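In the two complexes below, chain A is the common chain; its partner is chain B in one and chain C in the other.
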Partner chain A sequence: MRYNNRLGAKGWVIGGNYSIERYLYILHRVSGLALIFYLMCHLILTSFRIAGAPTWEAAMAFVSGPFFKVGEFLVMCAGVYHAINGLRLIIIELGYCIGKPERQEYPYTPSIKKQRPLMYLLMLVVAALVAVSVVDFFIM
Partner chain B sequence: MRESRLWFLFVLAGACMIVLLGAHLFVMHLETFMGYLGITIHEPLAYAEVMARAKSVSWLVIYMALLILALYHGLYGVRSVLLETINMKHHSTVTAVIVIVGLIAAVFGSYIVIQSYMMGGL
Partner chain C sequence: MERKTIVFKIQRYAPNQDKEPYFKSYEVPVEQGMTILECLWYIKENLDSTISFRSSCRMGICGSCAMFIQGRPRLACETQTLELKSSTIEIKPLPNYDIIKDLVVDQRNLFRNHKKVKPYIISEKATSNPTKEYIQSVAQLEQYLQFNYCLKCGCCLAACPTMATDTNFLGPQALAQAFRYNTDSRDRAGNARFQIVDTFEGIWRCHMAGACSDACPKGVDPAMAIQLLKRHSIFGSRKEYSDYAGPLPKNRRPDIPDAPAPTVKGARTNGRGNGKGKKGRR
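The block that comes next holds the complex of A and B.
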């Protein structure tokens, strides 16, 4: 019999290793699932374009107002975060920015630590893009 | 196809979307910011603007690419999440449902994109 090592959905949060990267992983998963849900709604809503201007305007009027404005902003944040953090995952999954394989000498430096500069840099990029979005969505 | 290859395509789709989705989000939502970069965008959601983009060949290509890449990447991602959490004996059912949902969404989406391209700037 196979050993059942699955914690199920709760393993996402109680799987151990509570480093920053663990929270980034939860956020990546949540934002990915949110984006695919949004994409399905987005395909349906934007399909009203082929029914002509009045139908389109009615569809756009339906999604106006503060509730949808904030929702759109959250989608923007999810997209920005997922894209930039996804870039980090791709870089480290291809083996870059995690150091070269080397003889283990005390004190050990795990690869998760070696990717930290990249992680901080990219999270700054996320913060900057979210800041630009706040200004563009709510202030300008 | 081998799972590792499907996974690689999923990551590749993600990499391509950094540029495409980036362009899409910036054009649709960051008009003011794009203005500072010298790219003027007026009311990206007005019907005339929507249909003007729809009839341009470059937007046609971008939208088709985004549609396919995002559906593949997003649904493959949902599948990985589901396979991690549910009983192994349901894995092939999950894959089948995901493929069907993906095909329906891809056909529907391409129909809308191509149809509005052919309506050409109405």
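The block that comes next holds the complex of A and C.
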């Protein structure tokens, strides 16, 4: 009798000791799911407008607290990360910034290392945009 | 030579005996140069003969001894024990495969998917009546050579996070082999192979975590192969095809010397050597 050793969703997070891109992949998926969840909440919230101005005002008052402000900031972070990392994935999936097939000599330089300058650059962009969001949400 | 005692925590599972895998520890005196595979053999020969693992060539060629060592899929025969720099080493079977016993996993899914992508050269000429060798330039060879070194050890499938949740995904190994044969200038079945891999459960299921390339012990780089397949799917492939070698020139080039005389008297030269040191066509 064989033992099923497929890792399942936990394999996304605790799969092993790999390079950073594997964790960016997981963050990309989680941020994508978070954005879909936000979109559904957003649609439900805005639908209260149909019920008239008092209901809409009450709904707006409900989401104006600090808890929802932090939530909106996290949505902003998820959106920024998902967009910029998505741009990195599109560039790579079109075959750019990953090098070309060549004879491999140890120590090997796989495509994941070749795309790393692009990854660092775009993650700096993410950090800069998140910093701007912090100023916009909490300081200004 | 200095010896260091290292504790090996090895995941054990015996079918029809254990409900869940468990860890068992063994102390192994390790010397400089000992690989993980040698340590496993030490355990089997001296400490516990019931432990099961696969191994064959002991030199990173057969791919049998792939296992999950210290949180990464590696070949046990190519992993130096002391280079892991730990007094405790944890060894588990490759994840994302069913466990048959201890460190032995069921790789049928890997080979099934490998076969699905037609991992062989398909060419009407080659299969109907091959009469000569193909001409292939070095540049054409290097388009696929890197991917030709795949051992089918299965490390890439163990590392892939998509494989962790999707049982239908073809996997990095099979997709890399599809790219290998699609870019071979002798092969003419690129479209047939694309129908298999240019699907939701094929190349478009890969989201470029890069763990397969990170884990590959031979530098095959399946992640690159998959992204290039995506590129070919979108932009098309500018593949150069190679044909049979042309007829040999009638006159030998003057810079090619005579073949040496045969060292065995009366040996047949098949017209390639002259046997007497006189000028002749090789």
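Keep in mind that, in the parts below, the second predicted complex is superposed on the first by the 127 of 140 C-alpha atoms of A that agree within 3 Å, B and C clash if a C-alpha of one lies under 4 Å from a C-alpha of the other, contacts with A are read in each partner's own complex, and residues count from 1 in each chain.
Rule of thumb we're sticking to: a contact is a pair of C-beta atoms (placed from the backbone, for glycine too) under 8 Å apart; a residue touches a chain by one contact, two chains touch by 3 or more.
Because the structure is a prediction, the values reported are computed rather than measured.
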item	value
Contacts of A:L39 with chain B and chain C, given as first, second, both or neither	first
First, second, both or neither for A:A53, with chain B first and chain C second	first
First (chain B), second (chain C), both or neither touched by A:A83	first
Which of chain B and chain C A:G8 touches, first, second, both or neither	both
Contacts of A:N17 with chain B and chain C, given as first, second, both or neither	second
Touching partner for A:R29 - first (chain B), second (chain C), both, neither	both
Contacts of A:V132 with chain B and chain C, given as first, second, both or neither	first
Contacts of A:E93 with chain B and chain C, given as first, second, both or neither	both
Partner chain in contact with A:P101 - chain B first, chain C second, else both or neither	second
Set intersection of chain A contacts, chain C complex versus chain B complex	2, 6, 8-9, 29, 93
Partner chain B, residues of chain A touching it in the complex	2, 6, 8-9, 29, 32-33, 35-36, 39-40, 43, 46-47, 49-50, 52-53, 56-57, 60, 72, 76, 79-80, 83, 86-87, 90, 93, 132-133, 135-137, 140
Contact set on chain A toward chain C in their complex	1-12, 15-19, 21-22, 24-26, 28-29, 89, 92-95, 98-99, 101-106, 108-112, 115
Parts of chain C lying in touch with chain A, wherever the complex brings them together	13, 15-16, 20-21, 68, 70-73, 93-100, 105-106, 142-147, 149, 159, 161, 163-165, 167, 183, 207-211, 213-216, 218-221, 223-225, 227-228, 230-231, 234-235
Complex interface listing, chain B residues touching chain A	11, 14-15, 17-18, 21-22, 25, 29-33, 45, 47, 50-51, 54, 67, 70-71, 74-75, 77-78, 81, 84-85, 88, 105, 108-109, 112, 115-116, 119, 122
